[in-house]
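Got some structures for you, see below.
Shared chain: chain A. Partners: chain B in the first complex, chain C in the second.
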Partner chain A sequence: MTSMKDTWKELEKELPQRKIQTLKENTKGMKAAEKRKFLEEKLEEYRKSKVEPGEPVGLLAAQAVGERATQMVLRTFHIAGLTGELSVPQGMPRLKELLEVRHQPKMETCKIQIKKELNGNKEKVKEIARDMEEVTLEEVADVQEDFNEKRIIINFNEKKMKKQNLKPEEVAAKIKDKLRKKPEKVEDDQAIFKPKASTLKSLRRYTQKAKTARVKGIKGIKRATIVERKQGNKKTYEIHTDGTNLRNILKLPEVNSKETYSNSIREVQGVLGIEAARKVLHLEIQENLKAQNITINDRHIMLISDAMTRKGELNAIGRHGISGEKESVLANASFETQMRHLLTAAQKGETDPLKGVAERMIVGEVIPVGTGSVELRMSNQKQKKK
Partner chain B sequence: MNKDTLLNHHLVPKHEILSKKEGEKILEKYGVTPEKLPAIKENDPVAKAIEAKEGQILKITRESPTAGKTHYYRLVSK
Partner chain C sequence: MNEGSVYLNGSLIGSHKNLDTLAKEIREKRRRGELPETLTVRKKEDEVLVNTDTGRALRPLIIIEKGKSKLTEEHKNKIEKEEITFKDLIKDGIVEYLDAEEEEDAYIAMKEEEITKEHTHLEIHPSLAFGTCSSVNPYPEYNMSQRLEMSDSMLKQALGLYATNYNVRMDTESYLMQYPQKPLTRTKYNKILGLDKKPAGQNFTIAVMSYIGYNIDDAIVLNKGSIQRALGRSIYYRGYSSQERRYPAGQKDRFEVPSEKIVGYRGEEAYKNLDENGIIEPETQVDSRDVLISKTSPPRFLEEISELSAIEEKRKENSTTVKANCEGKVDWVLMTEGEDGNKIIKVRTRNTMEPIIGDKFSARHGQKGIVGLIVEEEDMPWTESGVVPDMIFNPHAVPSRMTAGFLLEAIAGKKTSFSGKKTNATAFEGEDRESLKKKLEEYGFKPNGKEVMYDGRTGRRIEAQIFTGIVYYQKLYHLASQKLHARARGPLQILTRQPTEGKSRGGGQKFGSMERDCLIGHGASMLLKERLLKESDETIELICEECGTIAVNNKIRGEMYCEACGSKNIHPVKMSYGFKLLINELKALGIQTELKLEDKM
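After this line comes the complex of A and B, so read on.
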């Protein structure tokens, strides 16, 4: 008879790690013979619950999400700005954004965790948040053009400068980089630049450039708010931003770079790689649905996010993404913009092997799903052996 | 970006480069050709950080919400 250890080893070959864990916990204190029988039954049960080969899992996932999403359109709550947190579009608009992998989602936000030593210190966190916000010259100074002398006069607003903890020299240095010209004069309340502008029009252009020059903060962070989190009776603070720049935020020394999160899938793909993007996609979809009180089995969403990241980059669901990449002409034509697909296929003289579901349905063949996916064929190898 | 920051981030699972032998074993186990595996770009930040080259297979150890630790394989491609 095999030992208990071997039995577990056998199980580990087939069962996922989490199942093994719960089984180990639940069988504590059972007699060996009883335990063995129990485990055998459990293994049988697991095998039965597995998805059978040929099951159209993609279709099931689409249905699972699609059905719930229809309900969601009807009962998405509309919340008018509450709590200090920034509002991300919810419900259907957000789900669409995620599945289509939009280039500019409505609200991109970073949830920034601060290092443990600092995250209880409200003042310090406030300071970090303030230093993060993007400030343009326009916000701290009055910018004027002197058309006679063809120069730009910047009058600093002392109050605003103080609030942002900025010094005129620093600001002037930033403007210098932007205009590629040394300032003529820098004083406490004024700085004068004389760019190489021959016409008034080009002077105006330089002024616009100076006005929108970033004098402080991280590019892309429009606003940063601090959010209180309670852990037992200890209060901790984290920063939520409007606009993201994960790459630069992770570089900050005060930030806990391990836990900081961004809800922009594209950005995460660029900074942390495709696997991280898949994870964020999964988390975002699930969180979005949860907020609407909808539960969809995790497996469906994992399948969708796996399909979207299969090529090593993000592919949208829809005609430009995974649905448009099918090899079959008829399958492509059965989904949006039929004429275009058929015309280009005719031009190029493409052939359709009729292997997929959609095209087989069109011509009235058995579809390759379930028992239809099996074919009988003579094995070449065995023939050779004889 | 710093390599450690990237590889220790909570969203980034563990990526390992498989040796040729291990890779062949995986392909045999699933009965597929390398091109049929999901891909990861050679210029993916993580692939760059662990210096994976085109044609290698990466083993990714994910924390799955349903099954605990699971393995996923991706082929490094251009």
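After this line comes the complex of A and C, so read on.
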């Protein structure tokens, strides 16, 4: 009978440290015999769940997701009418967005966590959310053109200004920046600008500029709502936004920057780096599939998000992404835009080593997968021994 | 006074002081025939829409004036005597067409009795809500719309008397049902549409029960005795045509039995059924690829005429043969002349098609099925009175499809077979269930259509009572014998040397990209190679080791050499012909490929 210590040592040869740690925690208080049996079972399970050499994991991941995704086109659950929460595109459209790493996803949102000392204070959180929202001049004032005098008259809506906690001077200053012109007059209920507009057309352009000028908030945040979370008896509040601007949100002093989350992969990559983007991609795909009641082994999703981020930048699945950038000329040429690939390969005088699946299939060779991933070779030494 | 704008085909054309009178006036003018009958008017709150464009579905309705239908008894009598037609009714302003837009302004009565003062229009008949095909179906109002639609599309595939002059027609392909019957349960439209003269189906006696699993999932079981009595029997005609064409330089095709010297001679055996003119005799049994009309054509290119030797024409064999799966008897041989005076010979073959396993049948309720088994008559169940059904229909096919009309038709058919009077099953006016039940009871049956039956195989009474009836069934032209196809070896495409595709070319079963992915997913590399290479386009090409191009083998001199560099360091390499073709095509693009050879071990 080996001692428990030896058993652990034996396990350490095969299992990663993290697994050992959880096993140690979970087997606390077990009797030796029981513990040994349990560990043996776990080791067997671990061995079974390992991918065998030569397994075409990429293809399996593609099939696993693809098969379920075809069903998703047919039925998409719409989660509508949930108060407070913002609805993100669901199902197939969102999955496509994620895998293609679109530049402008339909609904970018940020889940902002507030620092611990403030997150129980509903009023304070509400205030933070309000200050975050982008407000344009149009929303707080009535903008009119005076064609005779060629000026822009801004009539402030007192009620709305008060609600947004805005002062006419502040607003006028923001408009000044936008129009690059000092105001003619600023009063409590009115501000008048006279831009350098010679024609009515250019005046209209200036008016349009003024109307859409941001007078308050963070750029890109169209809406910010607070969401209640219950933790036991304690109520905490977080902010969900429509539109993101992670870089500026994280700068806010009230924000818990460690736990704030954005669903925009490109933005996360820009602000936090590729590893964070990988994690967000993984979480978003997982979340999306879960919402559709689709269960796919997480490892497939991990593989996909790994493949999409392995070059240190985001690569879409598809023609312009990882599918179009294989090392083999033949494999690339067999996947859309054939002529371009063949001609550039010819120009550069490229060599195809015929290592991948697609190119070997074209040539008529055994593919390096499964039973084809092993080769028989004659050993010269053994023959000599005989 | 109500002022507003006037739109013509969606675009604003002006305004009017009194929209009500405008709409009224336009309507009256249309009824008088001063405006086209397809013009429609809609009066909204402050606008009048006039539509004359295409793409609007119009339907006819009888006009009601002052609470009275404009269609009087007098009109009805005249129509019956065929003194006036429907067109006259429109001309006289008795019937008018409305589109969906104008219908919003109308208040339509369904029946004449319902008319009140507010009504503006009267339906001609409620069953007009259905289209041409649906109206032919019995009891359509009892079925789900999707099922009706299916039934409509299958009606078009039914075999029947496709033309009354079928006997003197030379169609390339035609099907003809033998002994077609008028349906027992029918609608008014059967007669109106002339379907009674050219029926497409037969009345089948059915028993709704399972039969040892052979009618699972919409399959049907047929009685062999019934088939031998020509149930569901059809003829397949296939026409062939050949012409004695004239060519430039006075050359001509010739109908003749070719001599042995002619290019493409098929051997004596192939021409044994032909007469001296090279034409087959009627009533000869022919098989696939047998010669029907033998013809020789002049060579495509004229050879240079040398002065010394006599001109020896090298004619080609150009016969017309029976297509695959079209064997049968020669039915009719026709000799005629084309417009330009060329001799034309047409041959029609005929093949009788008895129902076989895999043939498709359908009732008129979207209840289609495939023959799953043909049972000896003695093994079929029989009823107390000794009736053996023609078909056994699976009860599971009804509840989920909700085709109540099917069951009603069965009962109605049973009633009809005893009363001898055809049952009217037109939508919204067909004989109702209660009446059918009562009549059945009068004839000594259970009102619900069920009967005690005995199992033909054991002779024992079947514990459950079986619902039986007579249903009109159509034989659809998807016949198993015309679809059957298999290939072990066969023709290859010339360009790619891969097996051909499609039944008509003797092709193989496609091993598509998804099947391929499946093999990759299982890691079955060797099987994959066999599928994609061994059983497809494997070739051995000679490759020059020096420059990597494809080399040649001069068999006469017995040497292999590279044409590009002259090297004799040549190796045979196994590859797919598709890849070799790719290399050639790249060459045509101006891209030189170089294959680097390496030892496998």
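Here is the rule we go by: the second predicted complex is superposed on the first by the 307 of 386 C-alpha atoms of A that agree within 3 Å, B and C clash if a C-alpha of one lies under 4 Å from a C-alpha of the other, contacts with A are read in each partner's own complex, and residues count from 1 in each chain.
Quick note on the criterion: a residue touches a chain if its C-beta (ideal position, glycine included) is under 8 Å from a C-beta of that chain, and two chains touch if they have at least 3 such contacts.
Remember, predicted model here, so these are calculated numbers, not experimental data.
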Mind working out whether A:M361 is in touch with chain B, chain C, both or neither, as first, second, both or neither?
second
Considering only the touch criterion stated at the top, classify A:Q63 as touching first (chain B), second (chain C), both, or neither.
second
Scan A:L250 for contacts with chain B and chain C and give back first, second, both or neither.
first
After the superposition on A, what does A:M302 contact: first (chain B), second (chain C), both or neither?
first
Kindly classify A:G54 by the partners it touches after superposition: chain B alone (first), chain C alone (second), both, or neither?
second
Identify the overlap between the chain B-contacting and the chain C-contacting residues of chain A.
none
What does chain A use to touch chain B in their complex?
16-19, 21, 247, 250-251, 257-261, 268, 270-276, 279-280, 298-299, 302, 306, 309-313
In the complex, go through chain A and note every residue touching chain C.
54-56, 59-60, 63, 342-343, 346, 351, 357, 361-373, 377-378
Please name which positions on chain C make contact with chain A in the complex.
516-517, 520-526, 528-529, 532-533, 538, 574-576, 578-579, 582, 586, 589-592, 596, 601
Within their complex, chain B touches chain A through residues 1-2, 5-6, 8-13, 15, 38-41, 44-47, 60, 62, 64-70, 74, 77
